[in-house]
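Lettered A, B, C and D in written order, each chain numbered from 1.
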Amino acid sequence: MGGSTFGERFAVTTFGESHGGALGVVIDGCPARIELSEADVQADLDRRRPGQSRLVTQRDEADRVSIHSGVFEGLTLGTPIGMTVANTDARPGAYADMVDLYRPSHADYTTEAKYGIRSWQGGGRASARETVGRVAAGAVARKMLAAAGAEVLGWVSAVRDIVAEVDPAEVTREAVEAHPTRCPDPAAAARIAEAIEAVRRDGDSVGGVVTCVSRGVPPGLGEPVFDKLDAELARAVMSLPAAKGIEIGSGFAGTLMTGRTHNDEFAPGPHGRPVVLTNRSGGIQGGISNGADIVLRVAFKPTATIASQQRTVTRQGEPTVLAARGRHDPCVLPRAVPMVEAMVCLVLADHLLRQQTTQLAPGSSPRA
Amino acid sequence: MGGSTFGERFAVTTFGESHGGALGVVIDGCPARIELSEADVQADLDRRRPGQSRLVTQRDEADRVSIHSGVFEGLTLGTPIGMTVANTDARPGAYADMVDLYRPSHADYTTEAKYGIRSWQGGGRASARETVGRVAAGAVARKMLAAAGAEVLGWVSAVRDIVAEVDPAEVTREAVEAHPTRCPDPAAAARIAEAIEAVRRDGDSVGGVVTCVSRGVPPGLGEPVFDKLDAELARAVMSLPAAKGIEIGSGFAGTLMTGRTHNDEFAPGPHGRPVVLTNRSGGIQGGISNGADIVLRVAFKPTATIASQQRTVTRQGEPTVLAARGRHDPCVLPRAVPMVEAMVCLVLADHLLRQQTTQLAPGSSPRA
Amino acid sequence: MGGSTFGERFAVTTFGESHGGALGVVIDGCPARIELSEADVQADLDRRRPGQSRLVTQRDEADRVSIHSGVFEGLTLGTPIGMTVANTDARPGAYADMVDLYRPSHADYTTEAKYGIRSWQGGGRASARETVGRVAAGAVARKMLAAAGAEVLGWVSAVRDIVAEVDPAEVTREAVEAHPTRCPDPAAAARIAEAIEAVRRDGDSVGGVVTCVSRGVPPGLGEPVFDKLDAELARAVMSLPAAKGIEIGSGFAGTLMTGRTHNDEFAPGPHGRPVVLTNRSGGIQGGISNGADIVLRVAFKPTATIASQQRTVTRQGEPTVLAARGRHDPCVLPRAVPMVEAMVCLVLADHLLRQQTTQLAPGSSPRA
Amino acid sequence: MGGSTFGERFAVTTFGESHGGALGVVIDGCPARIELSEADVQADLDRRRPGQSRLVTQRDEADRVSIHSGVFEGLTLGTPIGMTVANTDARPGAYADMVDLYRPSHADYTTEAKYGIRSWQGGGRASARETVGRVAAGAVARKMLAAAGAEVLGWVSAVRDIVAEVDPAEVTREAVEAHPTRCPDPAAAARIAEAIEAVRRDGDSVGGVVTCVSRGVPPGLGEPVFDKLDAELARAVMSLPAAKGIEIGSGFAGTLMTGRTHNDEFAPGPHGRPVVLTNRSGGIQGGISNGADIVLRVAFKPTATIASQQRTVTRQGEPTVLAARGRHDPCVLPRAVPMVEAMVCLVLADHLLRQQTTQLAPGSSPRA
C-alpha cells in the first residue's frame, strides 16, 4: 500500500488533496450495531474546521460530511463506512508562484523526490487538510469507544513557553472547549491567544504541545512486541502534520529518575484488579494497557508557512527567495487537538477489536 | 496478527520467550543477491549480548545465531531468512517467587489481563530478550542499507543528567564502541559508568537517552500520510522495552522556537538536488526523507527490576511486598544502542523497498 | 480489516451497498505518472453497467464515475485515487417483502448470522452492485498494465452446455464486444442469447464459464509460497458474486493426463529467454509467471434470484414460501466478463509492483 | 512481504528450502489457552512425511518437530508459536546436473526470472517440502477448531480417471487412513495403488482430485467482498504445489443447471437456525458460511518430475535434453490430503477469530 491505511481490524483509508475535488475516508471493520449518524461525525469535524476562530486559518470550508454506506436505520452494518467532504474554498491560483520552487520545511521537495510529480496547489496530500478523513473516522471510533466505556480528551498544554497548569486527571471537555485556544487553563489560554495574535501580525508562527488522556480503557489492549500500545500511539500521533515528538507517561523527564522512584507500585483495586499508586507508566506497561489513564504529550513545531523572506531553490536547482502567501494557521495547536484525539481513538478502537481475538470466544461451536 | 510482525515489504516476524527453548526471527521480503553470512548477524548480536561488560546483566548467553534458510553460497535468495538463537542460561527457578504476584512496572499484570495466562519464567514475551530476533534481522537490513549507501549509528547521549557533548554529524562507530557505556564522549562515559556502578550497588537503576543518526539515506523514503518516515521510526523505537519518548530533529525543544528560526532553508546542492542549510527537520519533511541526516532521540526509563522492597498485589488480589531477584541490567542504555539501530535499520530497509514501487520501473514490458 | 481491501502494493478498498447513497473505491499505491482520465474508467464501467442490453438486468444506472483525488493534469500523483458512483435507480421499496425472510442461495441469512443486522434493501453489500468499485479500480490497473505491455481479455466461453469454439490465443476484444453475450464465437453467441431469453421468460436463470487470457505478462510475477500468482488469481475471481470454481491452464482436465504428456517442454526463445512449446501450465509455473499467456476459466452458478416459488424460512424461524421480484440478470455471464478482467488486472498490477522490490534497484544510493 | 505469510489474525509465516538446514513456521495470533503439545503437531506431519509408504517419495525424513515458543505447561500463551523441522536426508549432490538447466514444468526458470538467483539443490523454496511448515501450523489450527466444534477431513477422490464413490457427508478419517492412497473407497483405492505403481515403473506420473469437507463450522465466517470464505479457501489450496483448479459446492457442474434446480431451499432447523435442504452452495452463501458442510475439490496435475527425456534449455539459452533423477512422488495425491486439510484449517481458524471482531463484545468496559 501507499501508507494511506491505518489499523488492522478497525482499518481506515483516507484519500484527497488540499485542493482536489473532495476528501474522504473508508472505515473497514467497524463492528455492526454501533449507533451512528452524520451529526456524530460533524461534531468532531467542526472542531477541526478552518475558520472556526480568529486564531486559525481563515480558509472558509464548511466541511459537511456525507456518509455513503455502512449505516442503516441509525446503526452500523459492519460493512465499510464511506464518507466524503467536498473542497469548496480551494484557491489553487494562490499557489501559482510555487509551481517551480520548494517551500522551506514543507513537503514540496520531498514529494517530488518521491513521486517525480507534485500537485503544486497547496500542500497536496501533505496538507493538514488530509486530516479531515482522520477526524471523521476518529468520530466513529469515539462512538465505539463510548459504547465500551472509554473516552479520549486532548488539550493544548503549551504554546512556546506558555504552559498550562492543570491536572490531567481533572481536565474536562467543557474546560477545553471554553476557549478557542483549547487550553483549559484560563490564564495560560489568554496568554496563548495573545502570543498567537502577535506572531500572526509579525508574519511568523509558533508551536507547542498537546496533551491527551484516555480514560476508562480496559486493561489488556496492545500487543507485547512491535504493536505495543505506546508504539502504536506514537506512530499515530507522529503521523500528524508538524508533529516532532511524543512522550508517554513520564517520558523524557522519567530519564532523570531512578527505578526506585519511577516504578508504579500496585495496590488492590475494585473488581479484584490491581491499581497503580502512581502513573509514571502512563497507563501502559510492557506495551499493554493496565486500566489507568493513558497520558501522552505531542510536540508540534511552528507552522512552516510564514510571511518572511526565505532562501530556497527552484525545481531547476537555481537559488531564489520566497515569501509565502495563502491562508494558513499561525499556530496549529488549537486545531491539532481534535486531530490528536482522532488518532488516539483510532488506535484504541483497533486494539479493542484485536483484543477480542486473544482468546477463543465461548459458544463458538454451532453444536453448543 | 498478534503484533509480532514488523514491516510491509521487508517484513520481520519474531518469536520466543525469555526462558523458552529458543528465540528466532523470519525475514520475508529481503531482496535477492545481498551478501550475507552468519558472521554479519553475529556482530550485531554480540553488541546486544548480556554479559558483555560489568555494566550490564550477567546472564551468560553466547547468543550464537543459526541461519536456516534464504541464503545460498553467501547470497540471499529472496526467500525467507529464518534464524534462531538458543536460550542456554535460562534459570526459570529464579522466578519461582513470582508465580503468583505482579512485579511493579513490569508486564506481569498486563500480560495476564490480556491473555488470561502468563509464563512466569522471567518476562516471557515481554522480556528484552525478545530483541534478539530484532537485532538479528536488523543486521540483515543493515547489509542491505550498506549496499544502498546508507549507515545507521546510535550512541548513549545521556544517562540520568549526565549528557554527552558531541556533534551528531561527527560521531563514529569507533568512538561509540570505545567504551562499554557506548557513550562517545569520554568524559561523560566515565561519569556514566560510575553512575551505573553506583545504582547497581544500591539495588537501584537509571535511565537515559539514545541518539541515532542515519546517514546517506536517499530522499523520497516514507509515505505522506500514516506511514510517514518519522511516524514509522517512532513506532519502531517506541516498541523497544522501556522506551517512553521519541523526538525527531528539533523535537520538544522545537516547540520553543518560531517558524522564522525553525524553518530549514534550501540551497543548491550536488547532483542538482537542494540541500538544507540547517537540519531542524531531522532529515524528514512531510514524512519523507530529504537526504539530510535523520536524527532521533529515544528516552528509556530506569530499569523496572530493582532490589528494593516494593508494594504490589498477588494474582488473588492480596497486597504483598516484593524484592526482585534475578540477573538484570541496572541501566539498559548500553545494550539499547544496537536495539535502536536495529529498529531504525528495519524501517529504512522497508521504506527503501517500498519506494521502489512508487513509479513503474522502465523495461517492465517483456516486449521491450 | 473487514475484507474490503485487496492487494498489497496496488491496494484497493471498496465501499457501498446496492441501495445506499453511493458506491466507491480508493486505490492506494498506484504508481505516479500513469496517464489517467475519468473516460478511461468509464469505458470499463459501461461494459459492467446494468441495462446495457436486453440480456441483463433492466435496472437503469448510468454509473458515472467521479475521480476525487490522486490525479493531476492527466497523470496519477502516486497518492490515493478516490472514486465514487452514485446509486440513482435504487428502489428499496421493491424489497419490502424480504425484510423478514431469507432468499434461498442469497447472502441474506449468512449476513444476518455474521453481523446480527442486515440491510434488507436488495443484496446490501453482497449485491453484484458492489463490483462497481472493483471495475473502476481494474480500469486503472489496466492502464498501468498497458504501460508495461500487458493486456487482459475475457469472454463468455460457455453458458450452460453451449460452448464457444475459439482459440484463446486468437480471441480479440472486437470479437468479444461484437455481441451482447460477450461470446466471441458467433454461432454459440446466438444460441446463448436464445437460451438466456428462454430462461428469462420462464422465470429461471442459467450459469456458465468465463475464460480470461492475460498476454504480455513479464516472467517473474507471483511469489513462491502462499501468494503464488495462480493462488492470487483464484482468490480474486472466486471473490466475485456467483463464482463457484476456477481452473488455471489444464485445470481439472489435466488430472486425466500423465506427466509425460502434461509437462511443457522448453525451447530457446527471443531475448535469450526460454519459451514453452505447450501451455498446460497456463502461463504460471511454481506460482510465478513464465511469460506465456495466463489462461484461466471461472465457473458462475445460475443467478439465485428467480421468479419461481421456493421454500424458505423467516427471521423468526417460521417456514414460508417466496417468489422473488425485483430486477435481476437471468444470466450474469455477459456482465461477469469485465468483472473477471478487473480482478485479473488488480492481481497483475499488484504483483508487477511487488516484483519491483525483489531486487535492490541500482542507484539507490544518494552518493552514487 | 514476500508472500510467505498467510492469514490476518491467525497468521502463519513459513521458511525453508528443500535442502537448506531446516524448515519452520511461526504462528502469530493463536489464541491463548488452547491445549497443545508436540505430539499434536507430529501426528499431522507423519501423514505428510515422505517415505510413509511405497506409493510416495522414498526420501527418508523423520520430520520431527520442535516447538520453541508460545506454549507453557501444555497451553498456548497467545504469543508466537515457533516450530522447526530439520532437513536430515537432503542430497543436494543429486541435483548437480541441474545447476545450469531448467526442468520442464518446474519453477526453475521462473524462480531465476524472479530473483536473478536460484538454489539449484532440489526445488528450493518451490519444493513441496515447504509444506512442512503449513502442515505443522495447520495442526495447531485444527486443535483450535476442535475446541470450537469443527473438523476438517480430506481424501483422494480421484486419480486420473479412477473415481471414488463415496458420500462426502459419510466419509470418516478411519476410512481415509485405512489405505495408503487415502482413498476411502476400497475398490477405487486398490485400482489407484495399481495405477501409481504402474506409472512409477514407467518413469511417468499421474494427478487427481482431493475432496475436503469441513463439518461443524459455525455460520457467519467469511467476509462479504474480497475475503469471501470461498475465495480464501480457493487461494489457500491453489497455493499448494501442483494445484490447478478448485471447486466449491456444485462447482463447474453447477454451470449446467438452472437456478430453479440449483438453489438451496431453507427449512427451519435446530436452535432456530435455518438449514438448507440441499447443499449446492457447498456450505457458503455470499462468501459467508451457512452452517452446512463446506465441500471443496482440488485438482492436482501429474508430478512434473519424470524419468523420461524432455527437451529444455540451459541458463545460457542453449537447447538440451533432460532425464530427471532424484527421489520424487509418482503421484502427489496421498500426501496432498494433509496439505489440503492444513490449508483449510488455517483459513477457518483465521476467519473464526476475525468473526470475533464483527460485533463489540459485551463487558468491554472496565467500569462494567
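Just so it is clear, contacts are C-beta pairs under 8 Å (C-beta built on N, C-alpha and C of every residue); 3 or more make two chains touch, one makes a residue touch a chain.
Keep in mind that what you see is a predicted model, and the values were worked out from it rather than measured.
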Those chains that touch chain C and also touch chain A are B, D
Relative to chain A, the most remote chain by C-alpha centroid is chain D
Any idea whether C-D or B-C has more C-beta pairs in contact? C-D
Just the number, please: Cα centre separation of chain B and chain D in whole Å. 37
Where the CA atoms of chain C average out and where those of chain D average out, how many Å apart are those spots? 25
Chain B and chain C: spacing of chain centres that average the CA atoms, whole Å: 44
Show the residues in chain A shared as contacts by 2 or more other chains, in ascending order. 1-5, 8-9, 14, 29, 32-33, 78-79, 114-116, 124-125, 219, 224, 273, 291, 354, 358-359
Across the complex, what residues on chain A touch chain B? 1-6, 8, 14, 102, 104-107, 109-111, 113-116, 123-126, 130, 158-161, 199, 204-209, 219-228, 230-232, 234-236, 238-239, 241, 243-252, 254-260, 262-268, 272-274, 277, 280-282, 284-291, 299-306, 308, 310-313, 317-319, 354-355, 358-359
Enumerate the contact residues on chain C facing chain B in the complex. 8-9, 29, 31-34, 78-79, 144, 147-150, 216-219, 224, 271, 273, 291, 352-354, 356-361, 364-368
What residues on chain B touch chain D, complex-wise? 1-5, 7-9, 11, 13-17, 20-24, 26, 28-30, 32-33, 66-70, 72, 75, 77-82, 84, 114-119, 121, 124-125
